[in-house]
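Both of the next two complexes hold subunit A, though its partner changes from subunit B to subunit C.
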Partner chain A sequence: MSPRIRIALLALSGLILLPCAASVIAGLPAFGATIAQYGERINAITPEARHVANMVSAINFDLRGLDTLGEEFMLLAAITGTVVLLRGRRGEGNTERAMRRPGRAVIPRSEATVLACRIAGPLTCLFGLYVVLHATVTPGGGFQGGVILASGTLLIYLGEGYSGWRDAIHSHWLDALEGGGALLFALCGLAPMLVGAAFMQNILPLGTFRDLFSGGLMLVENVGVALAVTGGFTQLFLEFMEETREAEEPDEPGEESA
Partner chain B sequence: MSAVTSVLPYAVAAWLFGVGLYGIATSRNFIHLVGCLGVCQAATYVLLLGLGYRWGSIAPIFYDHPPGTPAVDPVMQALVLTDIVVGATLTALLLVLTVQAYKRGGSLDPEKLRPMRAGGKSGRDQGSSRVSEGGQQAP
Partner chain C sequence: MSVILPLLFLFTALSGTAVVLVRDPTRQVFAIAINGLVLTILFDALQAPDVALSELAVGSAAVPLLFLVALMAVRTQAPGEDS
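Our next item is the complex of A and B:
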């Protein structure tokens, strides 16, 4: 299909879709006037019923916990797909050397970068842990905190370079973190069934409202999500980083001509 | 509130989606295409958060404010969180496919993407990326 035909098709579909979108927007409740009854009821009931202050965490880990379980495994599947595609193509035979583009200067890392990363790295990890642990109290949770923790590991690469990063990060630990986190979440669903409760029913003591230990089973699920997200995203960084290494056998034909 | 503000977030969402779709349709580079998909996805964030907003409400976190204070819709916020996580991993997966397409075809242009077949152009690298082991020793 030539670009011109494609633009014409896009314009045509836009002409058809635009009135439909306009009529849908006109039919929506005015912005800021009201919210859905479901959210309203959750806001009214959940602080009493679950002793948690953060409604978003309550929805993710308790009220709609089953959806988050699905999301968790979607995350696992996407990251597995990424790893299989990259590692399967690359094989295990990579060297430590970085690929170089001829003619481009290699600028050494400045001391300011190293210092900034050494200061910011631990602080970022601490902040990530804080965000993870206070999931039921203040804004945050396993997903957000996990991504912050994973960014903290990237600062190791920025500050210490590839070899320092590889010394600190081991792929099989990440596998264990990622799979273990997802497993922990699934077990949180199954464990209540052992005592005769429903799947993912919150059977642990609910704790005190506005306290770090509130929400019962949600805290465990939250840690599971944090582990899986930290492991998963760090695994992504690792796999993309490995792509920048020179291959061991230069006789692989597809690589050179690319 | 005036008639403009009552539809503005939805219009912005529709506009973002349209801009992203235009970018996807006219893209000449896979990385640009993945970025345009991200713009489309940003439209869903705006739409969901717009649907869940209510004037004069607090965030659905009852730490500083007692429970019972009017708050915005927490369901939409949880959905946006899901959306962002899905978007991030999807972007990673698409970028990996971009890397593979570049390695096989030598180009980032979607126009030049050709079907993959074993022993493709000039017979190079018979092992497709799906064959993880043993594919490297192809004749």
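Our next item is the complex of A and C:
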């Protein structure tokens, strides 16, 4: 396709689509207008029906749980695709320990960085766990908490260096976390069918409103999402790092490598 | 509230433009992180705490950290003569 045809095609599609877009934008409600009829309905019925204070979690994991299941597998497919692409040249065998490229300068990190990361890393992980577990009570949930947990592991990397990080985190565990989280979510959908309920029907006891243990099945689904997101993001990071350090000879264990 | 929202929109536009205008990749990562932070405050001001938390975790922590570490890993020259 020559550039001229491409530009003609662009102009043609712009000519057709732009008026449509303009009419849709003109028909939008004014900024800040209250249009949330669906939201108001949710606010009215969810506390009694599901004993959940965080309506976003109630929608994501219960009322529209099937959508979230689809998104979960989209994430799984995206990360699997990235890992397959990055591993393509290296093959299936992933290294157990940190490798480093010979000839690259090792940049030492300051003690202040190490200290700050040693303090902030575990605290970040703790906050991530809090966000995951309180999904039905406060804003947040499995996805947000999972990303915070993954950021916590990255802070540990910044503090300890790559070889120290790889000593603590194993690629196979991350595979298991990611796949296991998605499996847990899928099982949450299938398990109610064993007792004769509908797919993903909330059959667990709903618990107390505004309590940590509220929402029943939503908490389990949340944990599944959190496991998958933590494993996925950390796996992505690990594969990117492996991509930049293709060396046959393993370095000395415990050696600082930036 | 009426002052905060236009101010936040202005900051969003400014920080978004800054991401494009900054050419050095390492600085660009920090510009992305600042843009994520501004968006987080904007989403919070628009009463969407869940989205704000996602933006904070992904836009201003995870993604810049991934970029930063990838940049750090591909930097092969000796320290002191970077960028």
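Methods note: the second predicted complex is superposed on the first by the 206 of 258 C-alpha atoms of A that agree within 3 Å, B and C clash if a C-alpha of one lies under 4 Å from a C-alpha of the other, contacts with A are read in each partner's own complex, and residues count from 1 in each chain.
Convention: a contact is a pair of C-beta atoms (placed from the backbone, for glycine too) under 8 Å apart; a residue touches a chain by one contact, two chains touch by 3 or more.
These figures come from a predicted structure and were not determined experimentally.
Enquirer: Taking the superposition on A as described, I'd like to know which of subunit B and subunit C A:112 touches: first, second, both or neither.
Expert: In the superposed model, A:112 contacts neither subunit B nor subunit C.
Enquirer: Quick one: name whichever of subunit B and subunit C touches more residues of subunit A.
Expert: Higher number of touched subunit A residues: B.
Enquirer: Answer with first, second, both or neither: which of subunit B and subunit C does A:71 touch in the superposed model?
Expert: First partner only, subunit B.
Enquirer: Classify the contacts of A:143 with the two partner chains as first (subunit B alone), second (subunit C alone), both, or neither.
Expert: A:143: touches subunit B and subunit C.
Enquirer: Which of the two partners, first being subunit B and second being subunit C, lies in contact with A:28: first, second, both, or neither?
Expert: In the superposition, A:28 touches subunit B alone.
Enquirer: So, does A:56 touch the first partner subunit B, the second partner subunit C, both, or neither?
Expert: Touch partners of A:56: subunit B and subunit C.
Enquirer: A:42 contacts which: subunit B (first), subunit C (second), both, neither?
Expert: Only subunit B is touched by A:42; subunit C is not.
Enquirer: A:16 in the overlay: touching subunit B, subunit C, both, or neither? Say first, second, both or neither.
Expert: So A:16 meets neither subunit B nor subunit C here.
Enquirer: Using the superposition on chain A described above, determine whether A:241 touches subunit B (first), subunit C (second), both, or neither.
Expert: In the superposition, A:241 touches subunit C alone.
Enquirer: Have a look at where A:194 lands relative to subunit B and subunit C in the superposition and call it first, second, both or neither.
Expert: Neither partner.
Enquirer: Do any residues of subunit A touch both subunit B and subunit C, and if so, which are they?
Expert: After superposing on chain A, subunit A residues 54, 56, 139, 141, 143-144, 147, 233, 236, 240, 258 contact both subunit B and subunit C.
Enquirer: With touch defined as at the start, can you tell me which subunit A residues reach subunit B in the complex?
Expert: 3, 6-7, 9-10, 14, 21, 25-26, 28, 30-36, 38-40, 42-44, 47-48, 53-56, 58-60, 64, 67-68, 71, 74-75, 78-79, 81-82, 84-89, 91, 137-139, 141, 143-144, 147, 210, 229, 232-233, 236, 239-240, 243, 252-255, 257-258
Enquirer: Could you please specify the touching residues of subunit A with respect to subunit C in the complex?
Expert: Spelled out, the residues of subunit A in touch with subunit C are 54, 56, 101, 103-105, 107, 131, 139-141, 143-144, 147-148, 150-151, 154, 157-158, 233, 236-237, 240-241, 244-245, 258.
Enquirer: Can you list the subunit C residues touching subunit A in their complex?
Expert: Answer in residue numbers: 49-50, 52-54, 57-58, 61-62, 65-66, 69-70, 72-74, 76-79.
Enquirer: Can you check the complex and tell me which residues of subunit B touch subunit A?
Expert: 1, 5-11, 14, 18, 21-22, 25-26, 50-55, 57, 59-63, 67-68, 71-78, 81-82, 84-86, 88-90, 92-93, 95-97, 99-100, 102-104, 106, 111, 124-125, 129-132, 136
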